[in-house]
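The structures come next, written out as structure tokens.
Next, two complexes with subunit A in common: one pairs it with subunit B, the other with subunit C.
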Partner chain A sequence: MDTFLEFASGSLFRLSFAIMAMGLLRILVLDIWAAIEAYKRAGDKNVPWNQAFRKTIAWLFPVSKVLNSRPAYSLLSIFFHIGLIIIPIFLYAHVQLWKGGIGFGWFTLPKLWADYLTLGTIIFGLALFIGRIVNRASLYISRKQDFLWPLLLIIPFITGYLCANLNLMPKYYDVFMLMHILSGDLIFILMPFTKIAHCVIMPLSQFILALAWRFPPNTDEPICATLNKKGTPV
Partner chain B sequence: MNRVHITKLILWMITGFAVAVGITRFLYGLGATTNLTDATPWGLWIGFDVMAGVALAGGGFVITAIVYIMRREEFHPIVKPAVLTAFLGYLAVIASLLVDLGLPWNIWHMMVFWNPHSPLFEVGWCVMLYTTVLLLEFSPVPLEKVSRYAKIRNFLLKFRFPLVMLGIMLSTLHQSSLGSLFLIMPFKLYPLWYSNILPIQFFISAVALGLMMVALESLVSSYLYRRPAEYHLIAKLGKTVVWVLLIYFIIKMTDIVISDKQELLFNGSWESILFITEILIAIIIPMIIFSTRRFRNNPAGQWIGSILVVSGMVFNRINVGGLTMLRATGDSYFPSWMELSVSAGVISAAILIFLFAIEKFHVWETPPRDPEAEPHKLPRFDTASQTWLGIPAVAGRTKYTLIFILSFALGLALIPSPNIRSRGISLAPVAPARGGDTLFIDGNRDLYGVSFNHIRHIEQNGNKKSCIICHHMNIPLDKQSGCYHCHRMMYESYDAFGHEWHSHKSGANLACGKCHLEGQEKNAISAKKCDQCHIDLIPPGALITIEQYNAPAYVDAMHILCVKCHREKVPSLPEKPNLARCTACHESIPPDYLKDTEGNHNVNTKNNRPYFNRVMLPGLK
Partner chain C sequence: MKQVNITDEERAKALSPTKKPEVMEKQKLNVRYHVENYNTADRPRRFLEAFAVILKYSNYRFALEHFIRMSAKCARCTVQCPISQVSGDMRDIPCYRSELLLSVYRRHFTIGGLWKGRLLGKDYLTDEKIEEMADAFWNCTACKRCTIECPSGIDHGLIAHLGRYILSEIGIAPRALVVSVREQLEGKTGNTSAIPVPALIDTLEFLEEDMKEAKGIDIKFPLDVEGCDFVFFPAVSDFLMEAETLMGIAAVFTATGGSWTTGTGYFDGINYGLFYSDRMLERIVKKVHAEAVRLKGKSILIGECGHASRSAKYFVPTYCGGESALPVYNIMEYTYRVFKEGRLKLDPNVVTEPVAYHDPCNIARQGWIIDQPREILKAFCKNYVEMEPKGADNICCGGGGGTVSIDEVRPYRTSIAGKVKAEQIRSTGCKYLVAPCANCKKQLRELVEDQKVDCEVVGLHDLIYKAIIFDNTANNKQSAK
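Showing the complex of A and B:
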């Protein structure tokens, strides 16, 4: 068991954390690079930057957007996100690990808050999963990963809660800890290659939309030339 | 997928892996990543990357000399690639050197604190200056792309000839000074390689290596980009290299015969086999190949000949750089996989920059074209993802970055966990100094110590009154306590206070409130000071003032105390100018009382290791 724990929290953690950090950085850089190229290529350089910026801010803090449609679902989603982001970063035990590894730590959550927030995140995650199945419109546009992600994301929260509250199941601490670390590793590895990548490219989406569908000047001519239909209007 | 893409994928993979290992090296140090020891401080990174890297870059000065000084214009097509190779070679050397240096952030010291006696000083300056010259020599090529820098480009082109001259001069200095480095190691380097004319041998072999490196680089890049290589030029280079190799061979052999080392050549030892192999690979076989017209003009012959010279000369640098020192040092060294991967990564990165430069800039007369970028080319699905990844440039960066991060992550994962959790130096408990009037201070009992004339120090500093100058603490039930009481570890600081003993039932059995005041946080700062209870703990007049009860390491304590006092004494003792220097205490000859009955010194001579110094660092874990 100790060997497994050592492997999951040592080598495997380094592997998955590096893939997550570098992978997210990679798609961010590639996206910005592609956006710059698209802008350089575009015939019409009038990009509504201000509007895109305002939209980005509005979607990053979706306060006004919440009540538009399905307010309960939106609220659940927002709370789920808050838990997902805050707990792993500001949990006392995690910060202690960072302190041991990189030499410095930061602000931590009080235990009681962390516990309630964890339980809340688990419930919100399950509710989102059920909501996706129950609502036919959601079901229709869902892919496999959309169902898997809420379930995968709450595994480390459940196991983490059980490990943090030893009195619940003291005998299985090692098992839960292993599951906690392994599921965390798996999440890290999958992050850059699935929809969770939106955690870094979401802020760019409005700009990409604003830049998209701007064709290079005189795009039609080479197409017609290639198709042997020179002079035909496109 | 074409040759260039596959090569770039592999290179990005190696680079990603090496970056991960490189980061580990800078975070956790050389001990965690290399197999280097105190006896073998120069390993693969010096022997291969630095020594061979410089030699491989020799093509730059050789080809510029041929074209601009000897006016052989037919070699003009290979000047730019040669200068670029040299420039990247030097960048690789600098990168490897920074990875290998223990304190790389002090690299600027040699620019300010001059030590003209040191060959490394010359090496350092040559590397800096020649890299700058190479940058100036090559920069007109990338500047050509940007019209607004035309003035700078024209300015640099005006100074091309002086730059070329400067480059040749600096190269001559630098290639030979790498040889001079080893002149100070006559006992370490095996006699077959050691020579008084090592600098000259290094220079001539660098000329041969430079010529063949340019040839090999032309052959490889032609293979990658499917274009005809400059076979006729390579044949001419081959013709020249025969003469250079012949001169090198004659000089080398004459030197061996003159210094009466010819017996070592065929004595069947490991070194003699190494030497003969080196001579065959680097000199004899290539000479045969390139002196035969049929082989010289044949691409296969050119491939084999150039690879042999390049690998043979690199082998020579590795041999001189460390491989043949192992017998003298008695050490066994084989580079760790982390060292190997960093070396491979530095070279891969250099090749990637080379490929980038020839694709983007006017390095070749006709720049290469990616066949998949032709406008009539139909889009192809990527084999792995079954999607179209975009035009070749976009698809390339998508794939290269992916393989880079995956390989980077794998590199991080493979680093052995104990290596990065190690605290480095192992704990070495201190034993008291031995002797009477003269003490032999050897805390960790490795017999590399300092003999300390205790009685003379007492007499010279005022007899009985002098004790407190050095003995700055009277621990309870003791007077003028010995150093080892508190400085208990050789290389690590140690808690001289002993909280456990003070609070434990079987110790002083003190209640918390005896030292920690009510209502205050319980820590060392807020607690009562030791001398409030132990009145006589710190005698007045000591040279050392105690600021905290975490006693410095034994080694540090000795140096702080002795060096401080010796420094203060130097101005008043003109007859002892070396009093504050290392040799004042660390003599090179062990004291008489360490001799056994037969008069031999009872000191550590493991594996007949030459007796250099009596200061040794502990083995790193």
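Showing the complex of A and C:
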């Protein structure tokens, strides 16, 4: 078991973290690069960047948006996201690990807060999963990953909570800790290849939206020529 | 948005086929709108070829790449879509409709999709999927209400727009729109309503006589005057159907001494290219700009028409030289400016009935024109009532995205697409519903007729024409710019 734990939290963790970091960085760079290229080609360079910026802020802190559509689901989603971001970064045990690895740490959550937030995140994740199933429209449009992600994301929270709070036998502790680390590793590996990539490109959305209707000029002729439509009537 | 339901009878009528089964079989197309005969052979390959060429020469790829990574399938768009809410059909969910095209992009134009396709040998584009897209993208009125509440920032309107464009390149586009654009770009008259220049001149002379009789002064429609501040392009159908709107506009210019003209070389603001083909959009926009340049005009002025305004405002800079292109205004911007300057006098005792204002999606969704017409209306309409939601959150009339010009889908437009709007109008109790858009007006008139709502649909300048005061016109001739 110790060997497994060491592998999962050592080599595998470093590999999965590298895949996540490089994968997300690749997506972010490609997204920005493509947007710059699109801007260069656009005939109208007058893009409402300020409006896009304002909308980005509104969506990053969606207080004003939450009640407009599916309020219960949206609220759950916001709380779930808060837990997903806050807990892994500011948990005392995680920060200590970082401190050991890179030499410095940062602010950590008081244990009680961390526990409540962890339990909340688990409940919100389950509720989101149920919300996806019971809402007809949501159920109809969902892909496999849409059902699986909330469940996968709460596994490290459940196992982490168990390890931190229950006086488990060392054997069970190790099993849950292994599950905790492996599920975290799996999440890291999958992030760049699934919808979770939105964690880095979401702030670009409104800028891309603002730019998307800025078309390049003079496309009629090359498109006609390539599709052998030159001279054909409308 | 208020929950609105329809009866099974209404639903059956709205969704009933409009074409003969043999036509649908011949065209391999189960859609309600008419399509000209086209080459039905090998459609998936031709669809993919057109998609590839469009991606190569356009800016769509970067947006699609972003959308396929962002799509979270949260279904918030469902609540915002007035069609989805009324039809209850899961296929009308904006995110579902968008996924039809995004899945084709993901499978055929991304490395992952191509590998997956080769390894598993599945998900190749099929005839059935093309047929589904042909139906789905034309059930949408392109109002873009779904986009404002999408946390992932997915522009379902853009995806429907692109889907229609690709389909049109393989010959699948509503005949009503294609025929109009053909006349506009290649026909003898050069406009969508096929109005010859002599008929235009006769019409304007008739309107001038009518205005002389009604108002007692000379109100002119200047033609081919060079060097004006504004070269005017209404929706050309206004010359046939919206005389009051045109007379109101002419009256405002006369009362405020504005410098404007209509060109006989080209006088149609309509641009159906916006609804189905960027290539047509570009050609038409260039015609508008070329006519304004021919007349040495200082700017382009679009009449009361949402899509004509948007296509000129946003695409004249795109296709006609960026910052060096002529500026584009909507007529309400001019009227609002002269109103604020105190140069437009309106009698507050003429329009006493309840008046409501409908925001055309193409000018309101992005916040371009929302408060200006309201301010004018509140100044002279004693009984102005507001609709909710309004402005950038407005509900579509149900005939957006070019669907209003497809007469064979009227039952769909008035029973499903416009149902929420009908109830919204009814709840205001208005006598006059102001809709400053040629498409909205046509749709809303059909809507209030079919849904039995007791109100008259008019343009903003129709009411202004009733209330305008010609006050010391000679002294009011300062520059209109």
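Observations
Here, the second predicted complex is superposed on the first by the 224 of 234 C-alpha atoms of A that agree within 3 Å, B and C clash if a C-alpha of one lies under 4 Å from a C-alpha of the other, contacts with A are read in each partner's own complex, and residues count from 1 in each chain.
As a working rule, a residue touches a chain if its C-beta (ideal position, glycine included) is under 8 Å from a C-beta of that chain, and two chains touch if they have at least 3 such contacts.
In this text the structure is predicted, and so the values were computed from the model without any measurement.
Between subunit B and subunit C, C contacts the larger number of subunit A residues. Applying the stated contact rule after C-alpha superposition, one finds that A:Leu30 touches each of subunit B and subunit C.
By the touch criterion stated above, A:Ser77 is placed in contact with subunit C alone, subunit B being left untouched. In the superposed model, A:Gly43 lies in contact with subunit C only, and not with subunit B. In the superposed pair of complexes, A:Ser205 makes contact with subunit C only, with no contact to subunit B.
Of the two partner chains, subunit B is the only one touched by A:Ser11; subunit C is not. In the superposition on chain A, A:Met22 makes contact with subunit B only, not with subunit C. Residue contacts after overlaying the shared chain place A:Met1 against neither subunit B nor subunit C. Once the two complexes are laid over each other on the shared chain, residue contacts for A:Thr226 go to subunit B and to subunit C alike. Shared interface residues of subunit A, touching subunit B in one complex and subunit C in the other, are 30, 34, 222, 226.
Those residues of subunit A that touch subunit B in the shared complex are 6, 10-12, 14-16, 18-19, 22-23, 26, 29-30, 33-34, 222, 226. Listing the residues of subunit A that touch subunit C in their complex gives 27, 30-31, 34-35, 37-38, 41-46, 51, 59, 62, 65, 68-70, 73-74, 77, 135-138, 140-143, 146, 193, 195, 197-198, 201-202, 204-206, 208-209, 211-220, 222-224, 226-227, 233-234. Partner subunit A is touched in their complex by these residues of subunit B: 20, 375-376, 394, 397-398, 401-402, 404-406, 408-410, 412-415, 417. Within the complex formed with subunit A, the subunit C residues making contact are 49-50, 53-54, 56-63, 65-66, 69-80, 84, 90, 93, 95-96, 99, 112, 147, 149, 151-153, 155, 158, 169, 178, 181-182, 185-186, 278-280, 282-283, 314-315, 317-323, 367.
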